[in-house]
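Read from first to last, the chains carry the letters A, B, C and D; within each, the first residue is number 1.
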Amino acid sequence: MSSELRFGDFSVSVFGESHGAGIGAVINGLPSGVELDMDKILDFMARRAPKKDGISTARSEKDMPEILSGFYQGRTTGTPLAAIIRNTDTRSQDYGNISTAARPGHADYTGFVRYKGANDPRGGGHFSGRLTAPLVFAGAVCGQILEQRGIYSCAHILSIDNVYDHRFVETEIDRELTEQIKKRELPLINERKAEEMKARVKTASEKLDSVGGMIECAVAGVPAGIGSPMFDGIENRISQAVFGIPAIKAIAFGRGFGFADLYGSEVNDTMYMDGDTVKTATNNNGGIYGGISSGMPIIFTVAVRPTPSIAQPQKTVDFIKNEDTELVIKGRHDACIVPRAVPVVEAAANIAVLSFLI
Amino acid sequence: MSSELRFGDFSVSVFGESHGAGIGAVINGLPSGVELDMDKILDFMARRAPKKDGISTARSEKDMPEILSGFYQGRTTGTPLAAIIRNTDTRSQDYGNISTAARPGHADYTGFVRYKGANDPRGGGHFSGRLTAPLVFAGAVCGQILEQRGIYSCAHILSIDNVYDHRFVETEIDRELTEQIKKRELPLINERKAEEMKARVKTASEKLDSVGGMIECAVAGVPAGIGSPMFDGIENRISQAVFGIPAIKAIAFGRGFGFADLYGSEVNDTMYMDGDTVKTATNNNGGIYGGISSGMPIIFTVAVRPTPSIAQPQKTVDFIKNEDTELVIKGRHDACIVPRAVPVVEAAANIAVLSFLI
Amino acid sequence: MSSELRFGDFSVSVFGESHGAGIGAVINGLPSGVELDMDKILDFMARRAPKKDGISTARSEKDMPEILSGFYQGRTTGTPLAAIIRNTDTRSQDYGNISTAARPGHADYTGFVRYKGANDPRGGGHFSGRLTAPLVFAGAVCGQILEQRGIYSCAHILSIDNVYDHRFVETEIDRELTEQIKKRELPLINERKAEEMKARVKTASEKLDSVGGMIECAVAGVPAGIGSPMFDGIENRISQAVFGIPAIKAIAFGRGFGFADLYGSEVNDTMYMDGDTVKTATNNNGGIYGGISSGMPIIFTVAVRPTPSIAQPQKTVDFIKNEDTELVIKGRHDACIVPRAVPVVEAAANIAVLSFLI
Amino acid sequence: MSSELRFGDFSVSVFGESHGAGIGAVINGLPSGVELDMDKILDFMARRAPKKDGISTARSEKDMPEILSGFYQGRTTGTPLAAIIRNTDTRSQDYGNISTAARPGHADYTGFVRYKGANDPRGGGHFSGRLTAPLVFAGAVCGQILEQRGIYSCAHILSIDNVYDHRFVETEIDRELTEQIKKRELPLINERKAEEMKARVKTASEKLDSVGGMIECAVAGVPAGIGSPMFDGIENRISQAVFGIPAIKAIAFGRGFGFADLYGSEVNDTMYMDGDTVKTATNNNGGIYGGISSGMPIIFTVAVRPTPSIAQPQKTVDFIKNEDTELVIKGRHDACIVPRAVPVVEAAANIAVLSFLI
């Protein structure tokens, strides 16, 4: 189902267009009676909002979700939890030339073909990164439920334009550190990389260009034995969720593509008993074997492509007139969306992991 | 659903254990009246069978599928197509010590926890790579239907232990070449790499070790406009299918992780008219924008981890006794499963792509 | 999925509580570019609204749906169509005693157990008949798409408290008649039964009691060959949808329970050629054989139980205190919900039938 | 999905054709480690097999299921449980004239249109009542798991051609009685009706005709609080399963169509405390309120249409030649399938109820 993540009896359905009346999410299958702290949800959503960090766009959406159902007296009811976010700061005149010339790297042309020209083209419509706001809302809800069960997750910028942060220690995620990362201006383990990353984005921006990067995400405290073999394992669900985020083009669990160049003896995670608990001395497999959690942290990395909207003139086609043309994209665009994508990736992971626990 | 790929009204359900009575697949939602050439299906399946290439295991399964239903007078009926494959050459005594000591890198421990000790441990049971045989059967069926619609796919070894094959030309897949690749002893674009790859595997094998690699897969001829935004796009479905293959730990579409280090101007695919057809001068995005096909080849790459079964002594735990132990794995195992995984990846892609067309 | 109808790639997800902020529906998988006449949708919804017919409750909801997404320039976009309806006229003080004493015939107790006491009890919460408003919205949308394909549907009151309307002519549904039925104060074929039905409801109401009835629904113009055998046929989908309506407790296709007492020779529908079209001389099977449409009208009948909310004192339990108690239900309630259920049943049929055509 | 019942993470997929190589079922999502008594499963299946009761056909299928996977050392593994049944006694020459003249009341014509003439027409193909054998297998497996949880089910003949059995006592199902019913030649509460029913069938058979009837089914011991409101409640799942049985054309829960003619005060089930347990003095609603179980027995009734295959000449169409024709059906057919449908209905109920508990 196109705009819905469905995992068994649990689902998150997202709707809306960038410049329509509103966007939102419906979550089905939540447990009943779970307390939710709305302030924490807003904090999570604020991590996705554009910031004055010199990287994000200047568009200032408040993105206040209004819960319409499924939440009563501070707790989930167990029936569908629906929330909407009104679209307010929408300067659609900026997007006047979108409907006839395809923006390279965007879904303008493919969306046009898919929907036979009837989709809402303004601001990318349903393809807009703005649709990640309700996804983050849902992920924030799921994250709170996970925390109540001793499970915590954290994503951070792993790289922007060849400037690299540290990786998590694969066998043990320092919870204190994850709390700090979420409060930092740029979500990094090694804060000292922030200035260099910002400089790279500034350079790209001055060249009317954009840069990509990588995000690493860890989910810790997951008990051993969740997930399933073959098509409904942890990798399957996380990747299905994560590829719902525009601009994500690759995902790697544990050592990922690094496996290709190593020997079995180098990557088989040696197992040992730590008291009554089975652990592994390394965590090359990202906490997942046969689609099922081992009890070690679940760790994966995704690639974020450079923002396709760049201010340079670009050759493209007018898909109505069926002719070549040149396009200059106006409007406000992030020269790098990696920082804002960090909580979205974390949200997607929360949804996927929680789905196995209810 | 654990062992079932479900895409809308189309599904492929796989069942079986490595050393049980048999394995099989049920395909629901196939179009009716499609002619299937059984010889071609067997040819496809033979590509997965162990070969005398010095890389694969010596286990000689015939893997003859018997179709029980859904196929009548040479054509699909439209009702469920079910096929079974009997297990024959099963030396379960080789696996005598599996049930108490977890093989590192395998799902022995996680499967034990997941199924509370009740799953069939012989030869990996339902987690076995043997379960890819019915997946390949289903992918071979789907591949024929795709071919009848002018769509063809091909996977090849991209690397084994740091020895690299060429990549496909991203903007145009030479059909003749794909036919040749499928007939080669090792599925490679550049045949001259075969000996070096074999040598690497031989070296690893002599060290009682194993090696991993990468597989690149292309699907050409896909019309523009299939797929959907967000959670049910081409990347979502292909990744959900591909992570159903044991040993796949990463997937990248188009330039994949390469996006992280490049500028937007470098990776935005310039669009142009080729007669009446919209094309892109490059294909960095692997033929997919917003989850939807552009008409250019769909291209992705996966990482295959080294076979976890290695003949060296390994430290591990006995998860019944809850104590540390050492394990020496007996039995026959591929020192490198990359070649045999190639048709499996292609099969998974066939299933995912066909699902959008019916 | 609890509050979602899912048929292949098509789904209708309903959310909301009777006395929460709002209710709504998300429709996924609609074809793109379909013109929708909002006035017609409101007309359809008005058929469900309480009327001054002496039968319905006095609660006056405007029930104006606001479309948030999926509708642009008068046409469906193909992406999720979401609509919300605000709750306004909610006198929750009327429901003060609900949370401790179970209303007999209602889901107060079962909902309490199911959701461990966390569900919203006000006005029935998510169990309220009010949730049929978004269902009717979705059914009105589907109905317009069906009409554009020459398919039309109509439900009518078949009986109220033993007063019977005529049945449809099973082999041919008079379209003109269906238009008239929808405009009548009570949706009846034989208008002259209206007064008698009203009198029966009035009598029951005066006795502080309520009455049930039956609804017959026909869908005409459905082409032969839609549906599937076994678990996803027309009967399966319609019944899954219809049992989503509170108060429906039985469904019968064609002759339904009448089949039990007849000979095969009496109910086998004789087939004949009407020009190039296969028809049946009778339509005992309600236009469905093996789950698949024959091209004849699809006809089914449902039973509507008497409104459980009656003003008489009733013996029941207090499920918090776990003790017997007596309850007098206050608030406004329909003494007969059959008339208002008519468009809801038609809406459910529209959704189920359209799901086979997209 | 056509031939698959899917309830959350639980599914039963059925495949096969009446005269193909074999039929079978794949059950996904069973709990692991559940002991299954194969003899009991065969006993259940034997209840469906044709008997020498003068009612069923003379076709003698052994219907021995072979379990291929998911069952190890007497227990479920938790991975897909697949079973096949070979078709043996197939006299397809009896069906020589089926493919061109539609049998009235059968799916010959609708199936032809649906599958564009490619479906297997022999013996009804995938539409055959024979496909209920794997459904019964699955229902027998589910029934054992239910029994281990204190839940037991029983269906019986409620009527054949106007001869009526007693109904169950709606508030309490006598377990001893249910065991006896399952062993009787005809599954009846009131054995003394057996001869009269047989006589009716014999009469119809002598007239080259067939008769229908009704089946009542009860599931007792179901805890309160399973099921969900709206589209995924107990009524929705049971009806979706039951309409997968050929010849079932109506279903009624509790008082069913009887609700239409009664007052609310007559059918509201008065609630009371029986010790710590909430009970109802009557069970008019069949143990279900708002889609959720009350803890009282779940009770429903279905209508079984008369066997459409009758030996009289019938007017019909040849759907290849598109002309009117006359047909005399040869082959062996039950003059009444009600007795054999009894365990099938019970099996469908078992599957639906168990789906809520795992």
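The rule is simple: a residue touches a chain if its C-beta (ideal position, glycine included) is under 8 Å from a C-beta of that chain, and two chains touch if they have at least 3 such contacts.
Source: prediction; values computed, not measured.
The chains in contact with chain A and with chain B alike are C, D. For the pairs A-D and B-D, the larger set of C-beta contacts lies at B-D. Of all residue numbers that take part in the contact between chain A and chain C, over half occur on both sides, making this a same-residue interface. Inter-chain centre distance (chain A to chain D, centres taken as mean C-alpha positions): 46 Å. Taking each chain's centre as the average of its CA atoms, chain B and chain D sit 39 Å apart. Multi-chain contact residues of chain A (touching two or more other chains) are listed as 1-4, 8-9, 14, 79, 114, 126, 229, 232.
On chain A, the positions that touch chain C within their shared complex are 1-4, 6, 9, 11, 13-17, 20-24, 26, 28-29, 32-33, 66-70, 72, 75-82, 84, 114-120, 125-126. Residues 8-9, 79, 229, 232 of chain B touch chain C in their complex.
Put simply, chain B touches chain A in their complex at residues 1-5, 8, 14, 102, 104-107, 109-111, 113-114, 126-127, 131, 159, 161-162, 204, 207, 209-214, 224-233, 235-236, 239-241, 243-244, 246, 249-273, 276, 278, 280, 285-286, 288-294, 303-310, 312, 314-317, 319, 322-324.
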